[in-house]
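To start, I am sharing the structure in question, which I have written as structure tokens.
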């Protein structure tokens, strides 16, 4: 959507150095930006690209403004400012209200007139769909679900049952919410399934990435609080609670009944065992998992980055010889 | 489904201490249970919640019965007893037989009259659907598949081709069965695909979690034996055999042609390399993978739980200095 | 498809020892092969099975030919030869061109007459579908996508938007391409979504396994070059580039903006952090992740295979006592 630099600056309360009538119609990186592009400089690593940018305007810190060869929009946090302005310049696709003829809405379900139901959408019994909700192709909303206003389900999302979602959520393809938790009792005859009767409660402004799963509670609900961000292929087990504004990168797994605080961050392939509590503001590093309660904010990890195979083999060899070393030291000490 | 305590106790052969005419219509935790709820006490950790429960009845061990403020159902294994009774009190949703007008059944396929085909279901050529099977919305059964009686496919499940399933299986949304295994031959011109012509054979009473994948065999079949439980986002590669009553938590990956015994358990993010054999009754811990044959039952692991970053950095530093330490000891020994 | 040994040998330029008129109609392992089966011997581990095979013919190295009890097809690389011949004997299922009545094609999309659109397929605005493309049941092609000739989408594949694919690609069920990358800016009010406006560009002859995700670029494109093989449940983040003929086994995750060279191989659960460059011909081992630029081809790893729990506990104990050991050595040195 073309918009003038003046209007952008005014809307977000930023100082503009340059012609307010210049229009931008897209976003680009510093190097690839053209005369209609908005770009940004947030990291020093890219500072050297600034002089050669051909963008319409650069969002940057006041300190960097003097080096900009083009119009400058000043912001203390250029990346956050870019995020907000880019959402204006490149808004999500618009859609018309209405229900495609191939969509199936159960008689006891309720769908607002402003919602969009794409081809092959199914809305189950007793479920309710809020205002301006977009249900993309193939999305299945099972029974007893409640979708807040302005949520978007891109395509082929599945809500098994009993999922309540707040406003403005974004759910990417292949997401599965509310399917049964992994509850089984061992008996002499093998596993007996433990009925999973809880639901899933998701707050406002939550975004969940492709093929991520959030199971329903066994008894009581699984809870995702406001503003949570889950990347692709994550796993949230039954009765987990994820605190507000916590973010998890891809392939993070949280086992059952664990409570995670607010503003936590999990790097890719991180995780937590079940039945523990992790306080606010905890960072879990890549391929590291938390095995007990965490009560102190900070960074937690336990992983070794890959090294050349020969080096690693030597390390492992030494690791396995620690005992021999201990014995040699003991012997020396006795002398 | 409301049912009297007397009927529950009789059906499962349990002793009841309390009024047999009291009815329960739901399940709940000890703390949240109300006068129509069935609850249970299986772990000592929750014993202190027993005196304050307001449940209709508690399933517990005979030793704990005296401390129950409400009716007590006695069981040596309260959790297993709860699983069975909860399935009566909270049965899976019922469904009417019939084929939704939007479902597509190929002419050479065969579907029983008692089966339910929800909207947008597709049943491929030569496939057969057993009695009382539930195929939820968007489920695709590819060609040459055979689904046993009483199976449930919640929604958006995909069987690529040649999958044979026993009775009473449960398949959650996003499950993919029978897609091609990862078979490629390297050539000077790049990878050449190796046709994957085997199928998948799944026994009775198997449950597979959301977005889990079981590939077809390259030659011969991939096999999941009776009573297996796979959690969400697991990966079973071509020609793997998973023994009866084995359970895998989420994000477990088993590489090709590996055979896993009966009653094994894999914790989250565990796994096994390809072409090995793991005996019965093996437990693989979280984020640990088995790299060679296992012939002795027991627990196997190799992972470090996360610690505060500073502590871990020290450990890694010491780890890297083992060699220096060895040299210092050698020097001392020479003296 | 029945074919004579003579025709197979001629087509692929192999020497045949045996009756050229013998027909094969399927493939099988050495042990299970019958008189109409083609089989192969590629690994010495299976050499002992050769004398008892009942196959119509065995593909093997010239050195092994004398030991074959049946017809022999000679090849320097029997596995690659098998891959090519098996594709002739067991070709992928054929399909008739045409659009199923339940498929929905937007008015601005373009679909060739030779393409097959199965039930419940959706093709979005401005998207183009090439010659002989197979779009299996439930596949959703979002807006602005371009699918090259001879691609196959097995079933329930989702392209969110702006995905361009070359020729002859194979995409298994549950694959998600082009969904939003994980871009968020932290602010005092929580995360602000960073619009993801790039696309995905995929080369020729790429195969992507079930439930694998490839995100669109934040700015600019995510790129998968020719001949890449991704197994199931992998994650390719925004703006990653995967070099030609690179292969990744299941559950590999590559974080954002990382560039991977040609002919690399990642074992299961491997990965790479974001914003790094990995050169050609790098092998990353199971459950190992690369944390910095790699400029030298070779094998990289850092993982411990699982051991019996008691052994591992001892190792961890010794690991934690390295510091004490250092202090004891220091004390000895002072003497």
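Which chain is which? They are A, B and C, in the order written, and residues in each are numbered from 1.
To be clear about the criterion, a residue touches a chain if its C-beta (ideal position, glycine included) is under 8 Å from a C-beta of that chain, and two chains touch if they have at least 3 such contacts.
No experiment lies behind these values; they were computed from the predicted model shown.
Peer 1: Chain adjacency by touch: line, ring, star, complete or other shape?
Peer 2: If you draw each chain as a dot and join those that touch, every dot ends up joined to every other.
Peer 1: Over half shared or under half: which fits the residue numbers at the contact of copies chain A and chain C, same or different?
Peer 2: Both copies, chain A as well as chain C, present different residues to each other, with under half of the numbers appearing on both sides.
Peer 1: Would you kindly tell me how far, in whole Å, the mean C-alpha position of chain C lies from that of chain A?
Peer 2: That gives a centre separation of 26 Å.
Peer 1: Out of chain C, which residues touch more than one other chain, so two or more?
Peer 2: In chain C, residues 102, 120, 138, 156, 174, 211, 233, 251, 269, 287, 303-304, 319, 322, 325, 329, 332 touch at least two other chains, as defined above.
Peer 1: If you look only at chain B, which of its residues touch chain C in the complex?
Peer 2: Against chain C, chain B makes touches at 102, 104, 120, 122, 138, 140, 142-143, 156, 158, 160-161, 174, 176, 179-180, 182-187, 190-195, 197, 211, 213, 215, 219-220, 233, 235, 237, 251, 253, 255, 269, 271, 273, 284-285, 287-292, 296, 298-304, 314-315, 318-319, 321-322, 325, 328-329, 332.
Peer 1: Touching residues of chain A toward chain C in the complex: what are they?
Peer 2: Residues 26-29, 32, 77, 79-80, 82-84, 86-87, 90, 92-93, 100, 102, 118-120, 136-138, 154-156, 170, 172-174, 205, 207, 209-211, 226-227, 229, 231-233, 244-245, 247, 249-251, 268-269, 286-287, 303-309, 312, 316, 319-320, 322-323, 325-326, 329, 332-333 of chain A touch chain C in their complex.
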